[in-house]
Amino acid sequence: MANSLTADLQVSIGSLKLKNPVMTASGTFGYAREFEPYVNLHRLGAVVVKGISLQPRMGNPPPRIVETSCGMLNAIGLENVGVERFITEKMVSLQDINVPVLVNILGDSLGEYREIAKRLNGVPGIAGIEVNISCPNVKKGGVAFGTVPEMAAAVTGAVKEESSVPVLVKLSPNVTDITVIAKAVEEAGADGISLINTLIGMAIDYKSRRPKIANVIGGLSGPAIKPVALRMVYQVSQVVSIPVIGIGGIETYEDVLEFMLAGATAVQIGTANFVNPRASEEAVEGLDHYVNEQKISSIRDIIGGLVL
Amino acid sequence: MTQFQEKTAITRIERLTDDIFRMTLESYEIASAAKPGQFVMIRTGSGKDPLLRRPFSISQVSNGKYFQILFKVIGRGTSLLAHCREGESLSVIGPLGSGFHIKCGATNCLVGGGMGIAPLLFLAKSMSRKCTVKPPLVVLGARNKEELAPLIKDFKELGLHVHAATDDGSLGTHGLVTDVLKDLDFDSPTEVSVCGPTPMMTAVHFFCKEKNLGCQVSMETAMACGIGACLGCIVPLAEGGYAHACSDGPVFDAKELLWQIR
Amino acid sequence: MANSLTADLQVSIGSLKLKNPVMTASGTFGYAREFEPYVNLHRLGAVVVKGISLQPRMGNPPPRIVETSCGMLNAIGLENVGVERFITEKMVSLQDINVPVLVNILGDSLGEYREIAKRLNGVPGIAGIEVNISCPNVKKGGVAFGTVPEMAAAVTGAVKEESSVPVLVKLSPNVTDITVIAKAVEEAGADGISLINTLIGMAIDYKSRRPKIANVIGGLSGPAIKPVALRMVYQVSQVVSIPVIGIGGIETYEDVLEFMLAGATAVQIGTANFVNPRASEEAVEGLDHYVNEQKISSIRDIIGGLVL
Amino acid sequence: MTQFQEKTAITRIERLTDDIFRMTLESYEIASAAKPGQFVMIRTGSGKDPLLRRPFSISQVSNGKYFQILFKVIGRGTSLLAHCREGESLSVIGPLGSGFHIKCGATNCLVGGGMGIAPLLFLAKSMSRKCTVKPPLVVLGARNKEELAPLIKDFKELGLHVHAATDDGSLGTHGLVTDVLKDLDFDSPTEVSVCGPTPMMTAVHFFCKEKNLGCQVSMETAMACGIGACLGCIVPLAEGGYAHACSDGPVFDAKELLWQIR
């Protein structure tokens, strides 16, 4: 592995310039500092921090996680310190890590999304907002924002209005036609589309006859879902012209290349951070090596380069 | 400082019972930094199934560069570990978590059940070294003699007297560790350090509460990351809300946790 | 393992009585005879044969399959001999295997489904029909029947009209709300609901930059999808009163118990047949052993027995 | 009759080159039923990743109860196999597929490339035993001497003369197996039996077609089940449509297949 990065790995998402396409996925990298013993954070393209809501949330009761075949289910319940403490406690320590920080936000009403975006606007050190629209809209009977094009567009529009930094919208894969949602958020002004969030799944302990996580259902992530993620990235890239950020089961630079060939401009590494805390940095090193070795002039040449 | 060591050499594997193994690993960094009650996250195989690392308490460190874990085979991950060979390497992250507080002024009582005995050996050693005035009281429980005897051995070698309790009475007291505890005389202040199954720790907590003894417990929960990033490993707090076993614990002051009488 | 089955493992799906809840999934068990060297076919609850269309289909070009993490993608393209040759060549040899045979059918128009059902009606040895509605409706721009409640209901109704045996409808998991589709096919007269069919996925070879299967996208099956399948079985069981047949990543009797606890009356074993050709019979043996050992009076007591 | 043998004992593992291994397995049922060109499906690990079995040609049977496979480490499955130990067991299904037709009346020519050489050893042995009049001609190719030499050895031990070809000229002819073939004299009728990479088999097929020689080829495709159930393993037919490599093949009359000149 090269010790100094030499290849042209730069990509951009709207006005956001990244030195390479490797980010970390929300909820899997804490507030980044947790990974300092393992990763040179400044080597990464960007970090996306744990989802933030308007008010602090305690999250779900235990058990919250369980391993499945080549994956895991989680129902953390969006535990977080709330936007105020995030700004005063967490953001302060993130300002000098020398890597773009994206803040993942969530809400249970349109108004809440708007409020968080407003509150975060202008806070130093925030390079972009990622809007998690997999959350239920409590005012619409708990239907997830991300499953109805109009609702997805409304959230996107509201956050865009309040933000001066690029806004990525992170889609839920639990829909019949992901391209419809993608087009809706693009039209509503999104600067990029992150996908996928977790698939909804469940696990049961046949001995106790109980669900393995207290919340009964949870989000499936990890290598198991990679084929679904890759397919959705491919489908969405065909129909939108804003950058797509691929997420789902990515661990190595080979995985990154696959997502970029499918059409992703950048990627996020999630569950793999738990398995190999150095996964994100190693992916950057691997890409650097690959682009050099293959004499590719820029990693951007890979994007959408699938040969049919 | 926690380490991420891709290739931690296995220097020894011993089979203590049918399903309990002791593994010695070589890592100067981990062994020299480790404190009793801390743990490591081990990748048990090279594939993607099982996917996640498994947590194991550090049960002993020796010669400044070796550390040991004691484990019981209960599923795929531990079964893969049991099939490892000496000379092979494992990917290990550690030492992780907070560890036990050692209060030499107090009477120390270590209470362990089943594989919860693992971290107590390291703790007993540290105490014996640091708190030379009073050796700790040791109360260890398990299902039966077969399981308990090999785990007790190490404590005896430290010169400690061990009060044993087994579910079937095949070794020591016939009953629970609390049956042993209630017959012991505690001249306050006493600090009880516990690791074992939740029902056992619950019983010990209530015992200590009643007798007004200090009590620290090492909590086992499912863990995905072990480093405070996934928020999966919560334990409910008495004051409401949750703590994270991997980063706030695994050792907690029992009074701070929410205990449920089952 | 018990050599003779003694526990009460019987379940029924409409008028179809099965001696146990273990079936084999369409497309993974050939025409059953392929498994005779490995399995005592008469030990199984039922076998579901490969999907049959009105006309023979050649299927997709190679490569058709690829392994993924804890799963596989397939794009067989519904290769089959067509309903006529199925009846004259395949059904004949299936008549004396002493296990209920369900015929999985597929079409690309409502009329085609109806025609096949009509043609199969009264053919000796057919214990039931399973309607695969994951296929694209060519008359509706290729939207899969199984993604639109009205289309799913229409197919169900048409096949029901032409069939004198129980009709199961097999749902596609690639939808936003599986319960809506389930309710639609129940109302249209389905005797049972099989779920899930495969998730749509994709795999790319970063070296050649090509999709790993010729059809570009394919169906994801195996242990990887089990959490999604279990969740959908659970959700659907809550809202329909007809039997649900659980499918997705099932290999062992423990898996079967999990699906039954979630609400399934029976299950199908798919990809696991490739890994362990005896999986289906071993699951039956395992269930028998479990029900005896736990002194459960009937396996039916497990159905929907999840403790919340 | 094909067998499904959960515990097929590994009696020997030999490392022939850096990445080529020979494994001997014990199974009376499989060894006694096997014909040259048939294959087995082996589960390479106990977990769910890799999930599917892997196909390997039977490269030799001996003493009525042992069979061998020759394999090259190219991915996770073969790497797991290479790490197996003698005495361990593997889950094996076999023998599967059709096998080569042995026509003793004809001049037989065996052409193998890379790991495609594996089934030809078994075929050569059978021919030497059955067709005592004329020993088969053997043409084997590989990338270089390092890879080819250990594979040729077994044929030499059968007393067969081997025409070698290597991509780099380090052993035998510098070039492809077809470069060797075109210098050989074939007194018709000749039956060429081929196994190797698709481009090589394509070249041999066209060579045979031109010279009017019989040609049977053993096709390698991705396989999920190996027993005709998944319909994943297709090869395109000359007359249109597809055949299934596992159940209709893997050995086919080359004329029946659709060959694409790349």
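As written, the chains take the letters A, B, C and D, and residue 1 is the first residue of each chain.
Following the convention adopted for this analysis, a residue touches a chain if its C-beta (ideal position, glycine included) is under 8 Å from a C-beta of that chain, and two chains touch if they have at least 3 such contacts.
Quantities reported herein were computed from a predicted structural model and do not represent experimental measurements.
Centroid distances from subunit C, each centroid being the mean of CA atoms, peak for B.
Each chain gets a centre from the mean of its Cα atoms; for subunit A and subunit C, those two points are 34 Å apart.
Look at where the CA atoms of subunit B average out and do the same for subunit D: the two points lie 54 Å apart. Here the CA centre of subunit B is 47 Å from the CA centre of subunit C. Residues of subunit B in contact with at least two other chains: 48-50.
Residues of subunit C in contact with at least two other chains: 69-71, 222-223.
If you draw each protein chain as a dot and join the dots that touch, every dot ends up joined to every other dot.
Across the complex, subunit B is touched by residues 69-70, 223 of subunit C.
Residues 27-30, 34-35, 37-38, 50, 58-59, 61-67, 69-72, 74, 76, 79, 222-223, 271, 273-278 of subunit A touch subunit B in their complex. On subunit D, the positions that touch subunit B within their shared complex are 45, 47-50, 76.
Residues 1-4, 43, 48-53, 91, 93, 221-225, 227-236, 240-242, 247 of subunit D are the ones that touch subunit C when the two sit in their complex. The residues of subunit A lying in touch with subunit C in their complex are 68-71, 73, 147, 174-177, 199-204, 206, 208-211, 216-217, 220, 222-228, 230-231, 234, 249, 254, 257-258, 261-262, 305-308.
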